[in-house]
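One chain, chain A, appears in both complexes that follow, with chain B as partner in the first and chain C in the second.
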Partner chain A sequence: MKCFLRSLTLLVGLFFYASSHATDALPTLTTPDDVGPVVEQPIEFPHFRHAGDAKDGGMQINCMYCHTYARRSMVAGIPPIQKCIGCHQSIESVRDKPRIQKLFEYWDAKKPIPWKKVHDLPDFVRFNHERHIQRFYFQQDRPYQEVCGYCHGNVKAMTVAQRQKPITMGWCASCHQKDHPVSANSSETGHGPNDCFTCHK
Partner chain B sequence: MSVSNLLENWSKFRHTHPVDDKGIPDWEAYPSDIKWAMSIDLDACTGCNACSVACYAENNLPVVGKDKYSHGQAMHWMRVERYWDEGDNGFQAEQGARFLPMMCQQCEAAPCETVCPVGATNHTEDGLNSQIYNRCIGSRYCSANCPYKVRYFNWYNYPEQENAWPAPLNQQLNPDLTVRTKGVMEKCTFCKQRTYTARNNAKTEGRPVQDSDVQTACQEACPAGAITFGNLHNPESQVAKQWQSQQVDLIKDIQEKDEKEGNRLRGYRVLEELRPYPSVMYLERVRESAV
Partner chain C sequence: MTENDFSRRDFLKVLGWGGTAVALSGCGNTSIQDGQETVTSYVTLPSYVTPSISNYFNSTCAQCDAGCNIMGRVREGRVLKAEGNPNSPINRGRMCGLGLSGVQAHYNPDRVREPLLRTGDKGETITWDKALGLINEKLNGTKGTEIAFVTGGMSGHVQALLGNYMDELGSKNHFSYEAISPAVLRAANKKAYGESMPRYRIDKARVVVSFGADFLGAWVSPVHFSQQYAQFRKGSRPEGRGVLVQIEPKMTLTGANADRWIAVRPGTEGVLALGIINALGKAGLSIPADIAAVSHEYTTERTSKETDVSAEQIEKLAALLKERTPSLVLAGGAAEGYAHGSQNAAAIALLNRVLGNVGKTLEASASVPFPQIAPTVGSRSSLIALNDGLAAGKYKVVFSYGVNPVFSAPASMKFKDNFAKADFKVAFAQYMDETALAADLILPLDSAMEDWATVVPEYMAAPEGAGSNAYAQMSFRQPMMEKVFPDTRGVGDILLALLKQRTADKYKEFEDFYSYLRSAVLKNKVALGGKAGDDDEVFWNETLSKGIVPLKGIAGSVSAKASAAGLKLPVPTDADPSYPLRLIPAVSASMRDGRNANEPWLQESPDPLTTIVWDSWVEINPKTAAKLGIVEGDIVEVTSKSGSIKTQAYLFPGIHPDAVSVPVGYGHEAMGRYARGVGANVFGMLDSVFDKETGELALNETSVKISKTGQRVIIVKEEGPVGGSQAGKPKIAVQVSADKVDLSKEV
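Right, the complex of A and B next:
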């Protein structure tokens, strides 16, 4: 019995040792827990229908057709309702769909759609959309879906957008440490700013 | 990963010193072509405090009130100091005071940076002395070591408990920087949010930063135009020309004005003999009185 107890203690000890050791390893930067909460929007906006690939029934509209300030401002911006109506007033085929009817209700009432924020950074962080778009979209000439997707995930496959990346400081820094080519045809590389004052305000 | 990275960079910027042991300027230590600097003409300054007010508005500074002010808990990043001439019969009030606007001097060898236990204040590549509110634990060591006494501590939770901005005043807070909470140190940042925007716009347009890109809040408000701000490394900038014409050098601890007798130079920096190598040049007052 004593022998059994001893071996049991040993086994249990070994198990805990092994499991504690496993947590010592560096955690991966993205885990399923990083997926943000499901945000209920006033209109269930189908991103996949607008921005998705053609084979999935999407129209491959550039993200920056609607989020137009991303390339020239700190914030990407939520499109005004005029932008939606601009196209949808001449798309008769979907006019009777419930989501579109809701859209026109807001339009007729002259009220903005109260969208809720999905990617909400703390107030002490200065994130600049313009710099990232300029660097990766215009200078490196990468596809916009990839560039926006670095931080926003695979929005073109989503209906209502949901946070897919952790958007924490360690996660930002993991990319800022990497060497990225300066332009599409250059072998020269550089990395993002690494000094606290650039991003912390 | 991030901690080692931070310490690596921290030490890199901490050891940035304009003069190495042999007294030779170490410009290699500057990875940037930008060095923000200022010059203030004390002859033009009338002590009107517009700069201070502008700073309050721009940088979300709480107005603390008379009681806290008398306890030395004012939060004025930009303050106008008064100096009275003393004659045979005590103060000569009729002659008026001499004014000296005093804010963080953004020292190149900043005494505050070396003493911070958590590295919350360190040097940026564009020559600013940064203050990272998230890292600050409120030891107030930096303030004790600052020869200019321009670091201000948040003794209270101003936005909530002290109600420094009762609604609707909270609507006028500047979103480009945080409202600091209780227990952190703060100080003049040379309007970091403005220099950031200027650098960002210049980078997008693919050109260097010019004088016309950025003004600090105090400079913008000064009715006498006493404050000049810009990039010292750009010889075309107004501030570099002023430093040049006054023969004030960032890496010297005694300037031409005091070194040689009988010149007509006015440029000096406050407490230079302590060798913090501040980034603000003052132009000495020439006229006798303010009135």
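Right, the complex of A and C next:
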């Protein structure tokens, strides 16, 4: 009995200690607080210029033109510098802009650009871009900006990307529990997987 | 803890709950770390690369001499895992644990990273230019006869380059050394069948009798034989499920899989073979006169007395062999490691002739049509020749590559001291092993996953079908990724640089070993399966992507010419009372001769029979142990005439009461953090007894005595207590304690 009481005291103490932290950090869904910190990048890449709407001076380039692996692989992929140069070598009008000059410096030195990760999931979590893009973009035929935007927010209005959503397990699950139509023309619905090992390594 | 009765169990309970509470509180944004890590993109991306999706490159395993064809899984420029190449006739898409650990040889943190020069007791880092210059300087003025090369088994274009270099130096002293080598088997096979490595067809046999050939574990080409064995065991086979009988004094992995395991008195394997021939004759099989003249002396009673195998077992075995043909009889290391090892192997080979297996389950092999790349196989006798030369001061400059004789030579050879007599010793080394430590100049090598090479296996497996009798193959080894350490070099590149020092003109067109290899392959395009009009680039890329080059080889032939003439087996004598036990150095599937002891996966994968990890042990029969008063975990001293080791005792019913066994490969004094100081080195304590015909070191000829030191440890092993209950559950099977098991009576 003595031993039980002692364990209980320790347990209750630990619980209060832990939960005092828990309440502080308890996430609610998508509030301004969920926006991630501004991440400083080696080149301040203007997403709004490339992906933005024409009326805002954007080029309306499909996200997957540069992040080409999103539909074929786990990761969306940061485009190789080769890709940037592919277009920019023939866009003389912006060639002398400081950011483009910096880009060519990296290219000439054949050095990769040390981008900082903006959406950095913990190492025990697996997120598969391909599955989501195939489902929502190809099968359900939704607009790409909407599909990418579910998790990445309105990137077409940003310069360098900044996290817009909490990207926590609760937030992922809130979507996985919703019923979605399985394809564009179907009345049948289904929801995302809820097995632990689908996402957790 | 004990005084306030708050036990460990309660503590863990609380900790468990507390841990959950902490984990729950951690579910906020704390785990997302934006802007902390770098995500480096490619500058340019080859078209075949998609980030997060693996590419596979065909290559060849370098972990043992079987030469299995592998595929390296490479993701984002890093090799992650080796898989078997399904098109390989050797391993047919399979791998063994030793092969899988190859990535740990590649990423090993203890690799040598820069050329090192010894000055006195200290080593200093030097540049490659200086290192190669130094070799040139030392060789100038040294006669060719004073230069020696000691290597492991070699083949392919690296061997061809080495041959060219030795020609330029005028040296003929190439010592090819393997610590654990089937050299006695090669000689006996050559004599008995006309070929040193015929193709064994376990898959075609209805019964296999193996005299200590651990073909599922560490014998010749174990992954290949495991595939054959799987076929052999299929009941759906036209021949029906095969029966395996293993005869050996110490149980191996193959012995553990056998239908009948027979513990023979160490060294009497040949006697047993002749006894079986005699019993076969009695059972009505016609025995050729020359064999009968020898075998008739080995009556069942005499054989039984000499070999410790019951008369009933011998007769059963003869009946089995007579009834089920074709059969296959194998002679392995356990039968050959004696002063009369060649005689043992010859006696065993007679069985194949008597049973008519030659040509049926023993097939002719084929060799590659290019002698420069054909395998040079290693033996122990060559080390003895090198050692004698070193002792006589014949060699001034010695190069070593891919071998570690300082570790694996018996102490009685005094190899380390003799090695030190050479003025200048160059070690081509991937790790600081014992031999590299004793060298003057150490040249850091690329790993097998960074280097170019071609490999021709000694045991030439062939695919089924037409033309298989002339099938030979050459395999490619190609880099799977950039170098882990930028300043290492491929052995081919080093040899080419050394050759350029001697004869710059001949090799000036080759910038590196890659260009040499490419041009050598393209020059022989037609012989390597291409057409004269094929585009070079296309042919090269296709060949590399396959990794295997089938060649129209030179078909050999086997014949049943094994003769009993001159066969003389010694009558077993009583053991020397001061050294009453026979020491059997065991070759385990993962540790082999110890060259891979620095790969932690191999150290931590339990030995298949004892389940011991990360240490040596001595296997003792429970009966012998009871006599000596030894229990499991006792630290005992195993002493021979030539040395002694201390290690933990493991009571094991799968060993003959007259023998004890210690695994080889442990007990390194160098070779990095994972190998150094783990276990004890049994090579050192072996007596210098040699096979009378081949001059090979007789591994099993050492007699020992065992004494307790008084210390006792708990053996770190996977298995639970023998005879104990399974974690408090009711017993799941009738369990017999280890000292009551007599495996020779099983089946």
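Going forward, the second predicted complex is superposed on the first by the 173 of 201 C-alpha atoms of A that agree within 3 Å, B and C clash if a C-alpha of one lies under 4 Å from a C-alpha of the other, contacts with A are read in each partner's own complex, and residues count from 1 in each chain.
The working rule: contacts are C-beta pairs under 8 Å (C-beta built on N, C-alpha and C of every residue); 3 or more make two chains touch, one makes a residue touch a chain.
Note that this is a predicted model, so its numbers are computed, not measured.
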Is A:Ser174 touching anything from chain B or chain C once the two structures are fitted on A? First, second, both or neither. first
In the overlay, answer first, second, both or neither for which of chain B and chain C A:Pro112 touches. second
Could you figure out whether chain B or chain C reaches more residues of chain A? C
One more residue to check, A:Ser183. First (chain B), second (chain C), both or neither? neither
A:Gln89 contacts which: chain B (first), chain C (second), both, neither? neither
Figure out whether A:Gly77 sits in contact with chain B (first) or chain C (second), or with both, or with neither. second
After the superposition on A, what does A:Glu40 contact: first (chain B), second (chain C), both or neither? second
One more residue to check, A:Leu121. First (chain B), second (chain C), both or neither? second
By the touch definition at the top of the document, which applies to A:Gln60: first (chain B), second (chain C), both, or neither? neither
First (chain B), second (chain C), both or neither touched by A:Gln101: neither
Intersection of chain A residues contacting chain B with those contacting chain C? 26, 72, 169-170
Residues of chain A touching chain B in the complex: 26, 72, 123-124, 126, 128, 130-131, 134, 169-170, 173-174, 177, 194-198, 200-201
Listed in rising order, the residues of chain C that touch chain A in the complex are 5-7, 10, 13-14, 17-18, 21-22, 24-45, 50-53
Give the list of chain B residues in touch with chain A in this complex. 1-2, 5-6, 9, 13, 122, 124-125, 128, 130, 132-135, 175-179, 189, 192-193, 196, 200, 203-204
Complex contacts: residues of chain A adjacent to chain C: 2-3, 6-7, 10-11, 14-15, 17-19, 21-22, 24-27, 34, 36-37, 39-40, 69, 72-75, 77-82, 106-107, 110-122, 163, 166-170
